[in-house]
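Residue numbering begins at 1 within each chain, and the chains themselves are lettered A, B, C and D in the order written.
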Amino acid sequence: MQNLRVTIWNEFVHERSNPAVARIYPHGLHATLANALSAQPGLSVRAATLHEPNQGLPPSVLESTDVLLWWGHAAHDAVSDELVAGIQQRVLAGMGLIVLHSGHFSKIFKRLMGTSCALRWREAGERERIWVVNPGHPIAAGIGDFIELEQSEMYGEPFGIPTPEELIFVSWFQGGEVFRGGCCWTRGSGRIFYFSPGHEAYPIYHHPAIQRVIANAVDWARPQGRVAEVPLHVPVEQAPEKITARGPSVHVEGGQLAH
Amino acid sequence: MQNLRVTIWNEFVHERSNPAVARIYPHGLHATLANALSAQPGLSVRAATLHEPNQGLPPSVLESTDVLLWWGHAAHDAVSDELVAGIQQRVLAGMGLIVLHSGHFSKIFKRLMGTSCALRWREAGERERIWVVNPGHPIAAGIGDFIELEQSEMYGEPFGIPTPEELIFVSWFQGGEVFRGGCCWTRGSGRIFYFSPGHEAYPIYHHPAIQRVIANAVDWARPQGRVAEVPLHVPVEQAPEKITARGPSVHVEGGQLAH
Amino acid sequence: MQNLRVTIWNEFVHERSNPAVARIYPHGLHATLANALSAQPGLSVRAATLHEPNQGLPPSVLESTDVLLWWGHAAHDAVSDELVAGIQQRVLAGMGLIVLHSGHFSKIFKRLMGTSCALRWREAGERERIWVVNPGHPIAAGIGDFIELEQSEMYGEPFGIPTPEELIFVSWFQGGEVFRGGCCWTRGSGRIFYFSPGHEAYPIYHHPAIQRVIANAVDWARPQGRVAEVPLHVPVEQAPEKITARGPSVHVEGGQLAH
Amino acid sequence: MQNLRVTIWNEFVHERSNPAVARIYPHGLHATLANALSAQPGLSVRAATLHEPNQGLPPSVLESTDVLLWWGHAAHDAVSDELVAGIQQRVLAGMGLIVLHSGHFSKIFKRLMGTSCALRWREAGERERIWVVNPGHPIAAGIGDFIELEQSEMYGEPFGIPTPEELIFVSWFQGGEVFRGGCCWTRGSGRIFYFSPGHEAYPIYHHPAIQRVIANAVDWARPQGRVAEVPLHVPVEQAPEKITARGPSVHVEGGQLAH
């Protein structure tokens, strides 16, 4: 069986500009995630960053990616609309997408959700406890009742997302809020998982249980079934049941007026 | 109680260019829908069309609309991106949206769904039977087992939409296809209903049962609850539980780095 | 318009056996809820308790109830299976059902959910903060960002329920847990809302915001559309499209072998 | 990796009493399904029937089954309530369940759904076309736009089920009806798939595409994650956050009053 091809995209800004972040992720948080995922059997892992050519995702990379991870925060607007459209097309065609932490406000996540993706937030280094609400789900495999992070950024409700098809994790915060921090959706033939932990000021992606969830999610998001259909005109003579056209028409010959 | 303020938007192209359509809808299909809805108590109904100033929906109209109906086909691309963004904001803030027939391919529907919204289609004047799959839903109130249209355009699966939160109607077509033609979603605080019947070459919006479904949908889509939140920074001293900030931070003073 | 007919069912055990509870609800918690709901226009409110004839719900009452509230804790097993079957039938036929607090473990809730309905719990009089995660939903109308209960019983995840169709509230607990405490489902033509607050040792049903949520839920759960279908044999000659029977059959004459 | 342990349960009534059925399935339809599934790598397949000891499913078999297929029609009532309870517990604990055709009216399916599971039906040997509405789903892998059955029993809407979490197939019938014939749910930690084709009077389980769907569903329904929690009392001193009990209590020492 061919390896699952995983690409980790990171804007890679704070690790180069903020010494506190650089101490935690000296080679970028994508490097930490790539190391963790590379320890899994059956994965081929690459990393890509914003300041590389084609913002790290030329068509050749995007086309050969089965599951894409996305981390962005300070530079959402710098991502080109063309790249966003390309990622969306790949997701609809079956590529998995894992959106991490502040990626909730990325162009690609907002594009796929259709909503504000807004949330309540506070950076106070407070305790977060990530509860498993769906213990039978494969993304929660190997995780106990909860994951505890001694220091985290608070993300709180209401979170401006469509109702998740499956809700896996809900977070408790020391300061008094809650958050739906692990959510699944399907869009077209692609699976999407949003996972809230990962503030760059704390060593969250070094945490084994967080790494385990992300590895589980990569496996869950692998392409399934086949590519969703493009729009398709069915000529009358190709209808599954024999019928004869009748009545007026607004469509010109050749079906040029698309639906 | 204040009347529900309904605006029917129609691109109003085919009724002016195609004689067969003009015979069915001499004043535009928006006029037929407006007449039907005006017969309902408690509604204030307006119509708007593409070629009016501000494409028919200046901010004053959009802000004073509780439920918007949308019909477009030939001129989807002519609708400005700015208007689409404005409608999306209104939906997220609670405005109901009823997307009709070929509106499945409108910019606003694709924006809110995040998917291709593509489908299979054929214009052969064939019979369609719209089955109620959710008889307890208010949008199906007053409708029997099915609605039969002697002539309709075929829309068939797969339909490139997110899984509907509620599925109300599934259509049978004489030529052998099926279609999820009545679907509900919530996005932000707004309710969205897609209803597939309404090809302009046939007098579908004159059909009493079709009018009844649309009137039911308008009532169902009225704004509920309150406006969804904008993103919100919670200063440490305003946390619901008393906490003290600790640890490193990547946020500049004043919370200018939005999430 | 006819009044909505609301029946509040309470097992009415602890209010008569536990002095601490009796002080909070001297006439039973159903009386407190009935007073609160009676203040709403358009409602006709009755109460019913376990030790009345027919366990409080003879067919005449059940048939004339539009929305049923259910509170039970110590005596779930005392409720007859026949009554449970009758309530289930009424819900499937369109009656609304509001299940309160420890009613999560009632026979009727488990019957309608098909799952364990189990949860984690602790009675320590700790603080609970009920966050609105769906501010646009009518059940959250008039509620701010959250409801705070200074003393509550902890209910925690994982909660053994099917994924809610709509999730309205998620609770934060002082002791460190979270809970999906406000959940909506549809079963047949009936709407179901589960709302977790209401431990009898604290005066929770005297809280105005809790009363508001319950009143909102009663309004939301009112019967919609029409009664769901009973199973129906369609004789060949009554098929919507003309067909002729062909091939072998396992069904005896008269369709006695039901599906 | 250990083989997936699959058990096919069949009531095995019509194959022994009806010559037309016996010609199609001389060894019972479970034998045909077992042959088909045994051709898949990684599966260990057993069959079980109603008239065997313990109705074919003694605890030792049930406990060692990863995915259970269920076909019943004439003898739903003969299945013991105790066995139904045992199957439900296994599903909630993670066992997959594939319910076939007339199994829609089995005790176990109604128990897990909580609804009527009723439908419209007609046995006329008419044509059925099973459309894929979710081509990206693994259960549809390897299937084209649709599967065509030249002779089938009609099952029609409304189908008395909870809204499926994922809808995979919708059927078109020659006589004019439609049906949601391929539906997914999760209950507890178990996955459930209902698949409508399979009337015993026609050789439907000999059809390669039908066999492929069932094999896909078996793979999809394999146990995921871990067993859902049983109800759990959390003593105050074991709360994740340090708290002190305060206020009145209705629970006796030792937590004997379950929730």
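Assume contacts are C-beta pairs under 8 Å (C-beta built on N, C-alpha and C of every residue); 3 or more make two chains touch, one makes a residue touch a chain.
Since we're looking at a predicted model, the values are computed, not measured.
Trainee: What chains touch subunit A and also subunit B?
Mentor: The shared contacts of subunit A and subunit B, listed by label, come to C, D.
Trainee: Suppose you hop from subunit B to any chain it touches, then on again the same way; how many hops at least until you reach subunit C?
Mentor: Each step joins two touching chains, and the minimum needed here is 1.
Trainee: Please tell me whether the contact surfaces of subunit C and subunit D are same or different in residue numbering, using the over-half criterion.
Mentor: Over half shared, hence same.
Trainee: What is the distance in Å between the mean C-alpha positions of subunit A and subunit D?
Mentor: About 31 Å, centre to centre.
Trainee: Just curious, how far off is subunit D from subunit C if you go by their C-alpha centres, in Å?
Mentor: Whole-Å distance between the two chain centres: 27.
Trainee: I'd like to verify one number: the distance from the centre of subunit A to the centre of subunit C, where each centre is the average of its C-alpha atoms, in whole angstrom.
Mentor: 36
Trainee: Quick check: what residues of subunit C touch more than one other chain, meaning two or more?
Mentor: Within subunit C, the residues that touch at least two other chains are 129, 134-135, 156, 158, 163, 165-166, 174, 176-177, 186, 188, 228-229, 240-241.
Trainee: Residues of subunit C touching subunit D in their complex?
Mentor: 14, 18, 20-21, 73-74, 88, 92, 102, 104-105, 111-116, 118-126, 151, 154-156, 158, 160, 162-163, 165, 174-177, 185-188, 199-202, 228-236, 239-241, 243-251, 257-259
Trainee: Within the complex, which stretch of subunit B touches subunit D?
Mentor: 129, 131-135, 156-159, 163, 165-167, 170-173, 176-178, 180
Trainee: Okay, in this complex, where on subunit D does subunit A touch?
Mentor: 94, 129, 134-141, 146, 148, 165-166, 174, 186, 188-190, 223-229, 240-241
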